[in-house]
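Both complexes shown next keep chain A, but they swap its partner, so chain B is in the first and chain C is in the second.
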Partner chain A sequence: MRKNPSLRIYALAYLAFLYAPIVLLPIFAFNDSRVIAFPLQGFTTNWFAEMWADQTLFIAFRNSLTIAVSAAVFSTILGIFAARASTRYKFPGKPGILGLIMLPMVLPEMIVSMALLVVLIAVGVPLSLFTIILGHVLICTPFAVAILTSAFQSLDRSLEEAAYDLGETPASTFRLIILPLVMPGIISSLLISFTISLDEFIIAYFLGGNQTVLSVYIFGQFRFPAKVPAVMALGTILVCISIILLTIAEYFRRRGIAKSGGKDTGGFL
Partner chain B sequence: MEQGAARGRFRNSEAANGLALVSPTAIYAILLLAAPLAAVVLYSLMVDSKVGLSSGLTFDNYLKVWTGRIDQALMLRSLTVSSVVTLVTVLLAYPVAYFVSFHVKPERKSMWIFLITIPFWTSYLIRVFLWKVILGYNGVVNSGLMSLGIIDEPLTIINYSLGSMIMTLAHAYAAFAILPIFVSLEKIDRSLLEAGQDLGESKLMTFIRVTLPLSMPGVIAAVLIVFIPTIGDYVTPELIGGGKLPMIANRIEAIMLKQNDKALGSAIAVTAMLIVTVVSVVFLLLNRRFLKGQSK
Partner chain C sequence: MTTTEKPNMIEFRDVHKYYGDYHALRGINATIKAGEFFSLLGPSGCGKTTLLRTIAGFEDISSGAVLIDDRKMDDVPANKRPTNMVFQSYAIFPHLTVEENVGFGLRRDPRSKEEKAKAVAEALEMVGLKGYGKRAAHALSGGQRQRVALARALILKPKVLLLDEPLSALDKKIREQMQVELIKLQREVGITFVLVTHDQEEALVMSDRIAVMFEGQIAQLADPETLYRRPNSRKVANFIGTMNFLPAEVLSEGAGGIEVEAQGFGRMTLSSDQVMSGEAGQGAVVGFRPETLTILYDSQTATDREVMGTIEEVVYFGDMTYYDVKLDGTTEALRISMRNVFGRPVLEIGTRARVAWSPGALVMFR
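Right after this comes the complex of A and B.
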């Protein structure tokens, strides 16, 4: 096919548009002015120091880590059950059950969080980090299922049958054959769920009671114009962390595809 | 007969195994999703007063929501914003997906997709806030243009407007639109395009008559993936709209938490879900039509 330069230029311009706001983060995080505006005023690392000195940030960050790790682990475990069931077995009500599990993907988060809030209040569960985890597991599970389904789908059924023929039990086959083969999928599911949970705001905001997590902390900082440069500094660090995590996830995803002998079609979704 | 019974037993055991395996996830979704959603539907049919929820069921809340001027206006605004965002995002995304699928070497495709998805995985809150910083009264655009001497006074049309909300959301959901279109373009059999051109169609006509219809399922998926979260967006109206241009999600929060009227809030939530469902069903039917047209 003939190269079309205008299409290439358009695609590059589009990438520039995608990255434009993010590029501003480090620029203003190191800019020596409380006002986020041009012209730039010179280099400073004060905003990083100011951010670092804030104790609430560390509490919020620790809370977010607790939530994100728990949500990632639980949603990946739930994802393994659902993905294995959907790729390996036929059972009654399958589309309905899987549809319900995947539903949070297409439901506005505000509705998910309000529905949970109403029920939690009615049942009398106090709002805490635990209730945020409950909500986050719910919204991370569909992503875990999607990633793990493609991992389980690329499994060669004959490997499993060979293990049975060689006298392995279903449990040991799962542990010795299937688990290692889908391990890259599990790792990228953990990382993606972790990232989603860390970034999630609505559920954390409404189901957290008086507990602060990172996204809620950031949202609170937006009210104070003087705090904005420190948020830019924090944002710079968060973007770096996300890029590192995603690169690791992408590495494992590609290795998984290479392992099962598939062809790389690109993308997480 | 015996074989049939054995097969039946196998089926049963397969069904039982499958159900057992899916049950932890299914039970979690039933307890924490289906039950709460059912509770919201139930609440929406009650009346919330100071003494608590009434036991009788009524459609009063829905009447209030569907005929109330504020609610109507907010629903219309949410629909408008998310429709425009969806249109803009999908139109802008299509050429990019097309470029990556048809003009990028196979071994570099996943690199492009990776580059496109990175901004999407970085903090949504911060990305939205960055647009506020960029488009604000003393923001990056205004201060940049002023220091370059292009304008003398800050432009006011770009801050706290529907336009800047649309811009922010279109940016936030860009990757969502590109991926499904890309996937559907990848599935197209390249020999069909060659056949089209061999039969004397121009490149443009081949695109319109072969590529575009075949990629429609991806376009429809993109429409839904962008439309659904944007209609329920809370952060952008709050930050970019400055709280002055609320949408449905902000309204649900205000009624449920600030006015503490769970029944009315639930009715708005159910209405929002109905809108989303109706739009989704319309697009899914369109999709089915496209698939049918292809198999003829």
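Right after this comes the complex of A and C.
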């Protein structure tokens, strides 16, 4: 059978559309011109230096880091509870509850942030980094639950019973057997939640008050053409960090499955 | 059987277990003796695994009592019971080495590191895995995992070792080899073994006594030979091996035995232990195992009684041949198995054959 070439062209065009803009980031980050346009003007690392010297950027970066780490830790802890409950226990209304936990994955963030904003203002909670963390935990938890459920599911129940049978308590069984076996899933969940939180814009913009985070800062910088090359430099660094984190996450997820002898049933990469 | 004089190790007193509305165990009463190799045999869903798990403490019972070594186990959690289990999936901890797996139960043991290491090495040697200690557990074969699981359970010197279908995942050859090794091991350590299996052959080969279970109840509890020769119901007879049945009728009952008229065989006298009551309404039958009848060759004379029949089907197994023979005066063909002894030809379909039988080999169900 002859293959239709138009499908191949479509696939290539799709990939180009998806990744070409990202490839442009490092190109212009090293281009010796304030104007983002071809032809290129020669190599420079000035923009990285300029970015490095920017005090506001530094604060935004620190804020983002604080938020992303907190959101990753909290959503992963919540994810562990939910995944354990969904794979091991039966309780009334389980499918409904799990469905509601997963819902923020498909709920528009705009709605989540608007609703949260209205409630927070009504209750009188001042907008701060803390309120951004709240919103991010909400959207990261479904991803944590998805990853951790897969990790807990591939765990043979008789492993727990065996440890219990050999004299361990439920608590020490969790520490000695369950935790080490789902650890790859936990690391994977931490990294993916971290990345999601770091990238997030709408919630950070709505719930941040006067605190700036990286994504909001970058968007703001685009108003000043002179600042754009430095943003490109920052973008380049962020792309590198994202790729590294996602690769580590996927590595741990796969290693976890291989270790417990389960079958690969999904994942993000 | 010498086991009958030994003290009780496990006792079930009217054990019931419900899962919601489902009545999984329906009044189990049984005792397992110390040092016995005991099997729970039955089809899937009969409650045998549930019963085993009540000994281990993984299942709470709804009513009744489970006693281990004369102690009620109601409030004793699984991690405090004097039992250890070999799981169907072996449940080898995949992130630990063979050594760490086997020594896992010694974590709370006050002995020194060196003594524990020695105990682990001895346990590995006992199951034939000497020198495997440093290997990663997930790299082992099925048979090796099985041995690690055994060593891990036995190192704690439990009063009872529980085995949940331990051989079902192995190839036939390795399974048969492990059966023999398990029997030897049990004799060596002298620990009470309780085995769950759906494989009747495995139960017959390995056990001192077997409890045959159907639908949450023990249908018969006996040693393998009694179970095979004197099954107490048609259901047990059919589950363990093959049994032929012929319609029969009780003519008279007296002190000298029970006078019976069976289709094909005619009149005979059976002793009372050959007659199993409790199946009223199904019509009385006599039953016999395929190997208890003999097809005679012209030169042979019948030892007890003989009837004529026609061979309708021949199935050749190498060491054995199965013949489906329709005896004169019967409605259905019966299965007779014959060893293919040297010099004896395999008979052909349609051959008229003399069949020798003996009343002593029969069981009556009514």
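Simple rule for what comes next: the second predicted complex is superposed on the first by the 246 of 269 C-alpha atoms of A that agree within 3 Å, B and C clash if a C-alpha of one lies under 4 Å from a C-alpha of the other, contacts with A are read in each partner's own complex, and residues count from 1 in each chain.
Everything below uses one rule, namely that contacts are C-beta pairs under 8 Å (C-beta built on N, C-alpha and C of every residue); 3 or more make two chains touch, one makes a residue touch a chain.
Since the structure is predicted, the reported quantities are computational estimates derived from the model, not experimental observations.
Between chain B and chain C, it is B that contacts the larger number of residues in chain A. In the superposition on chain A, no contact is made by A:Ile237 with either chain B or chain C.
With both structures placed on the common chain, the touch criterion links A:Leu138 to chain B but leaves chain C unconnected.
Applying the stated contact rule after C-alpha superposition, one finds that A:Leu181 touches chain C and leaves chain B untouched. Residue contacts after overlaying the shared chain place A:Ser158 against chain C, while chain B stays out of touching range. Once the two complexes are laid over each other on the shared chain, residue contacts for A:Arg8 go to chain B alone; chain C is not touched. Contacts of A:Ser86 after superposition on the shared chain: chain B is touched, whereas chain C is not.
Contacts of A:Val125 after superposition on the shared chain: neither chain B nor chain C is touched.
Of the two partner chains placed by superposition, A:Val69 touches none, neither chain B nor chain C. Contact residues of chain B toward chain A in the complex are 11, 14-19, 21-26, 28-30, 32-37, 39-40, 43, 92, 95-96, 98-100, 102-103, 109-110, 112-119, 121-127, 129-134, 138-140, 142-144, 147, 171, 174-175, 179-180, 182-183, 186, 224, 228-229, 231-235, 239, 248-249, 252-253, 256-257, 262, 265-266, 269, 272-273, 276, 280. The touching residues of chain A, counted against chain B in their complex, run 1, 3-4, 7-8, 10-11, 14-15, 17-19, 21-22, 24-25, 28, 35-39, 77-79, 81-82, 84-86, 88-92, 94, 97-98, 100-101, 103-104, 106-112, 114-119, 122, 134-135, 137-138, 141, 145, 195, 199, 201-202, 206, 215, 218-219, 222, 228, 231, 235, 238-239, 242-243, 246, 250, 254, 264-269.
Interface residues of chain C facing chain A in the complex, by the touch rule stated above, are 56, 58, 77-80, 83-85, 87-89, 91, 93-95, 104-105, 107-108, 138, 152-153, 156. Listing the residues of chain A that touch chain C in their complex gives 156, 158-159, 161-169, 177, 180-181, 259-261.
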